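The structure under discussion appears below in the form of structure tokens.
By letter and in written order, the chains are A, B, C and D; residue numbering begins at 1 in each of them.
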């Protein structure tokens, strides 16, 4: 069953590679995405025990990330049917194949407990996304791909050093050398602290640069800005969470070593820095896709801060994985539509989107409201949990900085988004063949409904799942 | 045997300096290739014979010694650029910095809590020094190709450290690391070819159109 | 009961007499014989006999203006005590009603003026609005001081308490009050130095210009209401300035009437010896009055 | 009414149901292809729901029992309680009345047939706004409160930007959205701190908290900021004028008449938690209140836009209410029952009054705009002849809002005056009495503002040809206005009834104070007040009759206004709105600046020239806008960090690594 999770997308990749028709591929893609989601749900309902040797083990944390990734992927796949219809000028073979390979690697990240294997899978997702960012085949997209590739590779290389340090610390401690999470946590007490500390730093920086924490985020605006909408959605809603999952694993290890304080403080500081960066770069943003990229920087910052705060905020962080992922889907997909229709992603060209594309414009506006943490949408739940726990823990300064940068970000985003969607369409604006269709509007709309539903009511199973996951990250007394 | 490994590592350090000092890309590519070959030999010197060892050695030598350099050479040829002109930091300063870093890494390695059997080899300082060299190249060179070279040197540094735990680490992680290096650089190579087609140069200082104005 | 009847009788009959007295005084200063004391009564009756002309631009507001002005002043007259005698209607906080009734009257007078659509009347009502809202605080400071001195929250209470005795322990503040209140009295009734009831240079006028278009009975009502207002505010001032009270009721009524006439003479004197202020100076004088009253309040509550 | 409902069903549920029905009233319209039926349907449903809700609310108000319901929700913020006590019920009354009236007014004012583009959204969000406000008053869980609060704020935003093709509307919307979001941020702090204090997100019971506990003042201040921003208390009022001015009039009526109350409700609720508020809180509230009242009305005088003037006067009235609340708090802190009672009674009664006359005026302004086609007062005039009924109703509103007897505005201010005076004999808080002259000044300036408004709109003759055939509004527009006018008169002439309406809320607010004596005493005083009001009316009627009789005797002729011997008077020579207020504005020049561009006239026969004036938003244009520009510039400078230079990006990474390494060891 677990193997199917990995193999099915690979099979899909092979199939889509062989299909000669561009019109057919997205539909096949959606079929495989649907199957993947089905398997995921089966796995969530009855989870297989961990494999002998403990390499493969789907625990609560993995489940959350797997679920959000799979759901988001399904909607992106369906969206691609409508979207690629408007991109008939070029073959979508690489796109579909890349997406499926990435999905397979992503599933592997979520189900493995072997840090080395997880690292390999993570690097695979990075590489498999590179050609997708280059989908538009122009100078800007090639530059974006280049930066994305080099920075992420360096980051992941640093993570590898971190892993080596961990392994070496086991050797130094004369315990059975291994990179299995469970073994490491068992022997955590004995490991030599010097190496472990160094390992944590390298892992934080490595996975942080993949996740896009400031100031390691420099690739994000370029990659998100140049990639097609659905690729952006997968990057911002999927890959980010995978990197975060890797950080969660490190966090578990820190908890086991009882030397969590430094890691938590580092997370809080980097998270706040990311939010402040986002606040600075969000204001007067001339390109709405880059704006979304900075919003993604903001939200990984939020997750990092939540993780660093610990306590109740952990719940917020875990719920934010879902909330942020799905909301980013809404934003990127609808922004993709707007981009198609105006053939520009400059905010001074795009005006009156609600007039020209009532659905896409409205969805974009709603997504903006949701992502800035306004109820009744899911991100509000997580963000409020985090803020309140910051204040309840008496960490006023953190709470204050958090809240202030949220407000500044809201102002910046509002000043960018509202002029786009409101008002009249300028007479001189370019017109394209794009029209809102059920295929391009349906997926983001359903995602928005999902975000709304999660904002007012969390289903009991999901709630228990979140609680279990949070229990894994509780500071042991 | 081990002592030979040490001398080889000294060679590796020298190669670092070469790649820092030279301005001719072809030359530094060759240097890195040689470095890769040496690294391929090293495991054979420090570990008892096993087929797994052979596999790794062969894999590394083919990847680091031949596949990747070929790729880079092709990129250089298609882009028709011979040398790294106006680096962000001059060659002499980078060499000096490299020297400083190497010295520091030796000093630093002395303080690390190493296994006694690793104490008296220069594996750790060499790996740190190579890492530092990689950083230096990445941060001081503008051309895309020299940054790939920097990335390779970085990976080599990591690999040297990996030697310390070759027997501790299951094969598939090493293989995975290797594979990633390969695929990563391979994709980079493709991208670079695309770049050279788009811009007819691999100078990343030309790749600065994506920024906040 | 009898006192109430006398109160109402005086309120109805006496007001125009004050105007007559003022006129006589001014005439005396000018070395003329002047119109008889009862001239204002004649005027009002003559006006009542006349027909009336209404501007085509006006609506019912224009007609309502004088009536509301009269009604409000009359009710205010029922709230204020005459001399030592308490007023017919009196309850805690009636002083606030007293102050706000004038506001109601003013609102409708101004509306009526604006209803004619004449630029002059608009000008007049603009001035009236501004100056009266500057005069408002002075009245309240006065009320505060009195209420503090008397410990009562109704006009009758606080005014009947002010007596020769009060002057002994609160002399300075009362003096300041009288200064302030006299200015307000002149301003509210549009006398010199704020306004000139019988000039014909419209540009310089405040109240008179607002009623330019009223004619016949309406104008009669306005005239009467104006005199009543002078009477009502005057009663307040007299009770403040000349708080003489013998125990005997009839005596007190006599004292009240005499002191009202004396007030009229004083006003006449002031109007004869002073010139009209330039409009820009008017607010300054009003603010000065406010400051006087505020000081008096500070003196009593510190 | 009450007794009939008693046995049937629980009024709280009725109120909740009514709120939900109102909220969903606009939904069918969204799916109907034909415009019109949806609007009419929603109006009808809303009115019916209100008819059910008002008696229920009244019953809840007078029954001192509070029934609590637990709403099933699966969010990690503890149980979600819903309850209606007297305070909630009191605030809920206007919600039903005004929203119902507004929905009826909309049918005539914003006919679906003429506004196909935006009518559906307008109807839907109006319903949502109303119901969210009603539910807000029931929320007893902090997080649920914030959620409903934000729904309210957002639906108000969408109502404001109904005509978003207009530039100024968009700007107004942005300013509003930013202001309300900042306010919500303050509320996040507020509820978090409250939870930190009580251990759960449930709102604490009356008087259960002590102000001596840590952070109490911090909690109160965050509440004042968050709720004050919504209520428009100075200096958090900047969003208010443009938002109210640019929304459709019936929306402005709801926003100004009810939504501002929600901010006040938050403050009231917060203060009800504490049994020992320190003097500081009352002091802050009083100070902010009186300054909002004064500055608000001074801003109002200078406006030339009809609805902006009304909006500024909302700031004034909210200020008066806040002053009353502050005085009441001072009374509690100093244990003077009379002061607490009078302040609270004045404040609550003024809330009620404000939600009567302000909707009346805003609806009236809607009728005016409908008739005149402009909001610019300088272009109007003489509308009173074309729309006499609307003019009469508007007059009632204007007199009421100036706080002039015998209408309702005066009653609440009267109570406040009594409160100010009540400390005169005591030795503590004696300086409160200085509020009286200030409030008097506010009243005086209000008279200037509203004579200006009424005079320049309804009186005289039309100042421009811009007005397109003014006409009397239809019955759907007149009926709501009449309703509110009658309410104003009722409260004005029978204030003792109104006092009975507010007293349950007061007793609930101060559970441990006994108001029996004072309430009877002031009830008596108010009845005297109503007597004198009746007397005034009677006298006016008598005078009118006499006068009519006199008129009958003499000949009555009509001619054009006497131009003081000037023969060529035109209607453009009338005193316009700006010229009327020019003198008053010049008096308050320092506070309220009116930017006037005067042409330089030279020579004997100067060429044609134009003079323009523009009342400035002191806080917004002098302080906030420059701050934003500054922030924008500094951010633009910082954005250079993202310069596209690859190797520097690498340096960022290694620098981070290095710093973290140093930190780790």
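Everything below uses one rule, namely that contacts are C-beta pairs under 8 Å (C-beta built on N, C-alpha and C of every residue); 3 or more make two chains touch, one makes a residue touch a chain.
Please read these numbers as outputs of a predicted model, since none were measured by experiment.
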Comparison of A-B and A-D (more C-beta pairs in contact)
A-D
Expressed in whole Å, how far the mean CA point of chain A lies from that of chain D is 44
Using mean CA coordinates as chain centres, what's the gap between chain A and chain B in Å?
31
Could you put a whole-Å number on the gap between the CA centroids of chain C and chain D?
36
Between chain C and chain A, distance of the C-alpha-averaged centres to the nearest whole Å:
78
Which residue numbers or ranges of chain D touch two or more of the other chains?
639, 642, 644, 646, 650
Chain A, residues touching no fewer than two other chains
146-147, 150, 154, 194, 221-222, 281
Where does chain B touch two or more other chains at once, residue-wise?
138, 147, 204, 207, 209-210, 212
Interchain contacts, given as pairs of chains that touch
A-B, A-D, B-D, C-D
Which part of chain A faces chain D closely enough to touch in the complex?
146-147, 150-151, 154-155, 158, 194, 197-198, 200-202, 204-205, 208-209, 215-216, 218-219, 221-222, 262, 266, 280-281, 283-284, 315, 352, 354, 369, 372, 374-376, 380-381, 384-385, 387-388, 390-392, 394, 399, 403-404, 406-407, 410-411, 414-415, 418-419, 422-424, 456-460, 463
Which of the residues in chain D come into contact with chain C in the complex?
381-382, 384-385, 388, 391, 395, 399, 402-405, 410, 414, 417-418, 421, 424-425, 430-431, 433-434, 436-438, 440-441, 443-445, 447-448, 450-452, 454-456, 458-461, 524-525, 528-529, 531-532, 535-536, 539-540, 543-544, 547, 550-551, 553-564, 569, 571, 573-575, 579-584, 587
Of chain A, residues touching chain B in the complex:
116-117, 119-120, 123-124, 127, 130-131, 134, 138-140, 142-147, 149-150, 153-154, 156-157, 160-161, 163-164, 167-168, 170-172, 177, 179, 192, 194-195, 221-222, 225-226, 281, 286, 290
Help me check something: in the complex, which residues belonging to chain D touch chain B?
639-640, 642-648, 650-651, 654
Write out the stretch or stretches of chain D touching chain A in their complex.
73-76, 143, 146-147, 150-151, 154, 161, 164-165, 167, 170, 173-174, 177-178, 181-182, 184-185, 188-189, 191-193, 195-196, 631-632, 635-636, 638-639, 641-642, 644, 646, 649-650, 652-653, 655-657, 660-661, 663-665
